[in-house]
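Next come two complexes, and both contain subunit A; in the first it sits with subunit B, in the second with subunit C.
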Partner chain A sequence: MLEIKGLNITYGGPPVISGVDLRLDRGEALAVIGESGAGKTTLGLGVMGLVKGRCTGEIVFGGRNLLAMAEDERRRMRGRDMAMVFQNVDDALHPLYTALDQIVEAILTHRRLERAAARKRAEDLLRRVGLEGSRAAAYPHQLSGGERQRALIAMALANDPALLILDEPTASLDALTKGEITALIKGLIKDKAALVITHDISTAARLTGRMAVLYGGRIVECGPTAELLADPRHPYTRGLLRSYPYMAATKDLQGIPGRMERGVPGCPFHPRCTQKIDLCRRETPVPESNGGRLVACHRGGIVPLLEIKRLSVSFGPVRAVREAVITLHEGETLALVGKSGSGKTTLARAVMGLVPAGEGEIRLEGGKIDGSRDFYRKVQMVFQNPGESVSHRMNVLQAVGEPLDVQGIGNGEERLALVRRVLDEVELPSDDGFLKKYPHQLSGGEVQRVAIARALVLNPKVLIADEPTSALDASVQAKILKLLLNIQEKRGLAILLITHDIALARKVSDRIAVMLNGRIVEEGPAGRVLSSPRHGFTKKLVEAVLSKCPPTQPESQDSSLP
Partner chain B sequence: MDRTGLLLNYAAALAIILVLNFAIPRLMPGDPLQAIYGDEAMIAMTPEMKEDIIRRFSLDMPPDRQFRAYIASLLRGDLGHSYYFNAPVAEVITGRLPWTALLAGLALVLSMAAGAFLGIESGYRRGRPADGVLLAGMMSLSGLPDFFAGILLLILFGVGLGLVPLAGAVTPYSGLGGMALFLDILHHLALPLASLVIVRISAVYLLTRNTMVLTMGAAFIRTARAKGCPEAAVRYRHAGRSSLLPVVTAAGLQLPHLITGTLFVEIVFSYPGIGTLLYNALLTRDYPLMQGVLLLVTVVVLGVNLMVDLLYRKIDPRVTHAY
Partner chain C sequence: MHIDYWREVKKSGPGRAGLAAITAVAALAVLAPLFTGHQPGEYTGAIFHPPSREYWLGTNDVGQDIWTHLLYGARTSLAVGCGAAALSAIVSALVGGLAALSGGITDRVLMRLTDSLLVVPPIMVAILAAAYFRPGAALLVFLLAAVMWPGGARLVRSQALAAKERAHVAAARTFGAGRLYLLTRHIMPEIGPVIIAVLVMDARRAVFMEAGLSFLGVADPAVVSWGKMMQQALRFSYLDVWKWWLLPAGAALSLTVAGLAFTGFALETVLNPRLKERDR
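Now for the complex of A and B:
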């Protein structure tokens, strides 16, 4: 019913919308999400014909190109064939007319009706959205935010349009009202085509079947809503979901580095992208279809960095790892959880080439690993016991600088600068006094940070962390993990976290893989694995953690707070 | 503020005006009679007249009785006696009032209507040539003194082109009636009215245009467009009506300015209204007449402001239906 082809909108400067293609059928709801300034509202206004700027391309609605129509004809379609529900800002409704009168006007603009009949219809509409009697005849300033939003919805429905464009229909509403309005909208858009413009991902998830992610005026990813939310493919989509606080997510909030810039050459997202390559600066990627998903990325979406395929490791008759399959993507945390002795550490060591891999394959960025020095530039490891992993014969400078020596990077002065910078990054002092200290002069948390600094000094893409905080107390553990997540946000560091602490995994990982007797028995998004574990062992693990909860946690639902 | 509060405010203002009007002549040094009537009148006055006046103003009574007598005489419509016209002040004023009411009233209505209309159209076309020309023209008119505009118009159309009469409100002794009289009045009215309107229109225009420009950026304008409202409806029903709110307020504030303007313009065109009357009273030191005129003017300003306040409540529901 609505088809947008190669739409560009510009207000004179760099285009606000460029090359947008979208299709929307009757009975379908499509969400357009993105940060403010991404061009979402401009897109909606462009379809309505309400943008001041210049639109090129095609917007085909009901078989006709809207952009080729005369303004008067478009005006007659507005409010009749397509209507817009605006965000309930203070003056979205005219302050000098009652809600009822404004809906009567919307009806009379398009229909030859007696005033009384129009009034009757307006009252019916307002009743349908839940505004009755005196509330309907009230002036906008007498209505609450939720009531104003209802009035705006009723107004859009005045002439039963085939296409509804909803611009932030639930913004600035409290959670309960938001729920009510969302339910109301869901009922109303069943037989219509709906374009839901929002930065509120939970609203979008409840209302729509498909979702398009807009960044810098371009669609970077588009696909079925549920799939897109569960498995974002574009780095921007993932960043957006990570920044959004919704109940199903368990990982701590993470942002997207930098801020949106206009008129960027090449891929609009490349200045903030942690996996950009040279091509991203030069050429704009075109959306490509990939298993029902459109992704506009030169790298085909978030890259799988480390792929472990059917890896088995045996020590004589003991099969420590059996046909393990794991994929670690750029910038994500994968927690490998399981009992001690389940083969987690062996798996990690096999990846690092510290124990010989039996059968199977380990690939880094698509290539087979060869145990060369280059491999260790990209993959580094932090071990469980910092006291043992950092040589007591080396001072901080020597320990952190050692990988640089091994790789032959820089001269003495440059190495010193790199060491100082990485120490700053892990929030350790970088003065000469500290550089000369030996491990026994440092606390456990400090030594582990030195170990992390050593792993990060080469700026690797993958960090394998084997119980990195199990020897530390909780407050130090929290600081170190936050540090790792910050580095992940900034540089796109992929982390394979090996831990037996499922509560910890819940807070820091995007995905969780559960290992039992050398096999990976379950793998999935952290929220899903923890809330509805599928494997019996995972259930036991989760229950074991829940039963350990401190007694202040309510065991029954009716506990009263002190 | 609710309606009663508003009315009480105005009542208080009126009371203060009355007290001042009563007190000032009596507080002046010397004989209040002398202060009210002036030296010359005192010399020309016969003892009987003096006696009569003292009785009428209760000048031989204590102040509270005097004030009561003053209010009572006001209620009777007695503003005193004009020595110069040798007639009651109220009568003299009533004779001239219709001309001023006609001139000032029309000037107010016309300047408001034309200013608002041009402001709405101009603000709607912000940045386009029509807006630019109008804005430049109005800016150059704003700040022009009334009497100066009057003199310019008089020289150009009256003296130069001879299109309109130079003075007066009607052609004297013409014996005109009906339609002819009406046209004659309009003919005389044209120039003084034009000079008042020209000067005032720019203020209304600038204010309307300004609010119109702001209003056009409001979200409800976009809502109106999304409904499919025709541009005329957007311009007047939605943007225009909102833009008029400050104009109504400004009308009340402008009124004193309009009245002084009218006084000057009447003098320029020898228009037989309150303005020339006051001017003559000043020249002849006819104090009772001056006081009468000033009292009338202040009461009118107060009354019109009250009307504006009440009107504002009617057109802005946010004031009436505060909750």
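Now for the complex of A and C:
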């Protein structure tokens, strides 16, 4: 019913919307999500014909190109064929008229009706959105935020339009009101086409069947809402979801580095993207269909960095790892959980070439690994016991600089600068005094940070962390894991976290793989694996952790009363 | 675990005593011309002269100054001891290190060779070979090294095997380090103290064997040596000369060997902390 083709909107400067293609059918709801400034509202206003800037391209509605129409005709369509529920700000309603009067006026603009009949219809509409009697006749300033939002919705429905554009319909509402309004809208838009513009992902998820992600005026990803949320393919989508406080998400909130810039050549997201290549700077990616999903990314979306395919490792008759399959994507944390002796560490050591891999293959960025020196520039490992993995004969400078030494990177001065920078990054001092310290002069947490700094000094894309915090106490553990997540956010580091602690995995990982007797028995998004484990062993692991939880509330407080 | 081996050795009683003894002997050997006005081969004109201000330990049957012999004998002892020990330790380190790092067939061949040499009593081989070659100091060094290296090689191999499995070596491998880098930067520093211990023990055996061979008279007769002094002194045991000829030579040998042994024990204690626990 609505088809947008190659829409560009500019306010004179760089385009706010560029090359947007969208389709919307009757009975369908499409969410447009993105951070503020992405061009969401401009897109909605553009469809309504209310945008002040210049629009080019096509907006076909009911078979006719809106952009080719005369303004008069468009005005007549507004409110009657398409309506917009404006963002609930203080001046969205006229302060001098009651909600009822404003809706009556909206009806009378488009229909020849008796004032009484219009009033009757307006009251019906307000009742439908839950405003009755005195509330309906109140002035905007007498209404609560939720009530004003209801009034705005009623007003948009005044002439029963076929297309409804909702701009942040639930912004600045409390959670309960938000729930009510969302349910209300869901009932109202069933037979209409609805464009839901929001940065509130949970509202979008409840209202819509499809979702388009807008960034820098371009659609970077579009697909069925449920699939897009469960498996974001564009780095920006993932960043957006990670920074949104979902109830189902278990990982700590993470942001997206940098901030949105306008008029960026090439891919609009490339300045903030952690997997950009040269091409991203030069050319704008075209959205390409990929399994029912449109993704605009030169790299085809989030790239799989490390692929382990049916890997088996045997020590004589002992099969430590059996046909393990793991894919680690750019910028994500995959937790490998299992009992000790289940083959987790062996798997990691096989990837690092410390034990010979038996059958199967290990691929890095699509290429088979050959144990060359370059592999280790991209993949690094943090070992379980920092006291042992950092040679006691090396001071901090020598230890952290060792990978540079081995790889022959830089001269003495450059190395020193790199070492200092990476020490800053892991929040360790980088003064000369600290550089000359030996491991035994540092605390356990500090030595592990040195080990992490050493693993990061080559700026790898993949970090394999084998129980990096099992030797440390909880407060130090928390700091170190936060540090890793921060670095992940900044650099797009992919982390394979090996741990026996599923509660820890819950807080830091996007996905969890469970290993039992050398096999991966379950793998999935962290939230799903923990809330509805499928394999018996996973269930046991989760139950074991749950039973260790401290009681949250005393059962009853009556006994404490006199 | 970071241990300053040098400081630990200096801290232990036997270590200090041993180091003092070796230092004293070495100082006498190096500065020999300052402590005597004679040459070892020089005829002084007095035969069997008892100790006096001119001849501190008297003279021997052919009128040579015994004190001078003692000083120059220390040179031979230490030179042969250190030389043989160094050579033997190098061979031990090479064979042991190569076996440990290479593994597989190289390891097996080298270790079977080592084992077969270990079962041959070194003193027997040394005597037979010396009797045949009549070795001078240089040849003696090679001969002694040849019979001494297998024990050290075994020790180095076991230590290198353990060092190879240490996490920091694994870590270095994950930076892309090659074998040579691992050997020079990680494994050698790790087993360095062990090699030094091997060196000291080898030196003790070498000093002792050198003395033994010259006492038996199978070494080059032209070399001044404590062993030969004792052998010659014994022929005149019916005279009083043994007091200032035989005894000082024996004492000097004992002092040197004991010094090296004490240092070695101290090192061993430091390297193996379990021995330290037992001492307390």
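In the analysis below, the second predicted complex is superposed on the first by the 551 of 562 C-alpha atoms of A that agree within 3 Å, B and C clash if a C-alpha of one lies under 4 Å from a C-alpha of the other, contacts with A are read in each partner's own complex, and residues count from 1 in each chain.
Keep this in mind: a contact is a pair of C-beta atoms (placed from the backbone, for glycine too) under 8 Å apart; a residue touches a chain by one contact, two chains touch by 3 or more.
Remember, it's a predicted structure, so these values are computed and weren't measured experimentally.
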Fit or clash between subunit C and subunit B when superposed on subunit A: fit
Partner chain(s) touched by A:S389 [first = subunit B, second = subunit C, both, neither]: second
Touched partner set for A:H500, first subunit B, second subunit C, both or neither: neither
A:Q407 touches, of subunit B and subunit C: first, second, both or neither? second
Contacts of A:L458 with subunit B and subunit C, given as first, second, both or neither: second
Contacts of A:G79 with subunit B and subunit C, given as first, second, both or neither: first
Touched partner set for A:H535, first subunit B, second subunit C, both or neither: neither
Touching partner for A:Q142 - first (subunit B), second (subunit C), both, neither: first
Subunit B, subunit C and vertex subunit A (Cα centres) - angle in steps of 10°: 130
Which superposed partner A:A158 touches (first subunit B, second subunit C, both, neither): first
Partner chain(s) touched by A:R373 [first = subunit B, second = subunit C, both, neither]: second
Per-pair minimum CA distance [subunit C against subunit B, superposed on A] in Å: 60
Interface residues of subunit A shared between complexes with subunit B and subunit C: none
Subunit B partner contacts - residues on subunit A that touch it in the complex: 45, 48, 50, 75-80, 83-84, 86, 89-96, 98, 105-106, 109-110, 138-139, 141-142, 152, 155-156, 158
Of all residues in subunit B, those that touch subunit A in their complex: 218-220, 222-230, 233, 237-238, 241-242, 315-318, 321, 323
Of subunit A, residues touching subunit C in the complex: 349, 352-354, 372-377, 380-381, 383-385, 388-393, 402-403, 406-407, 438-440, 451, 454, 458
Interfacial residue positions of subunit C with respect to subunit A in the complex: 1-2, 166-168, 170-177, 181, 186, 189-190
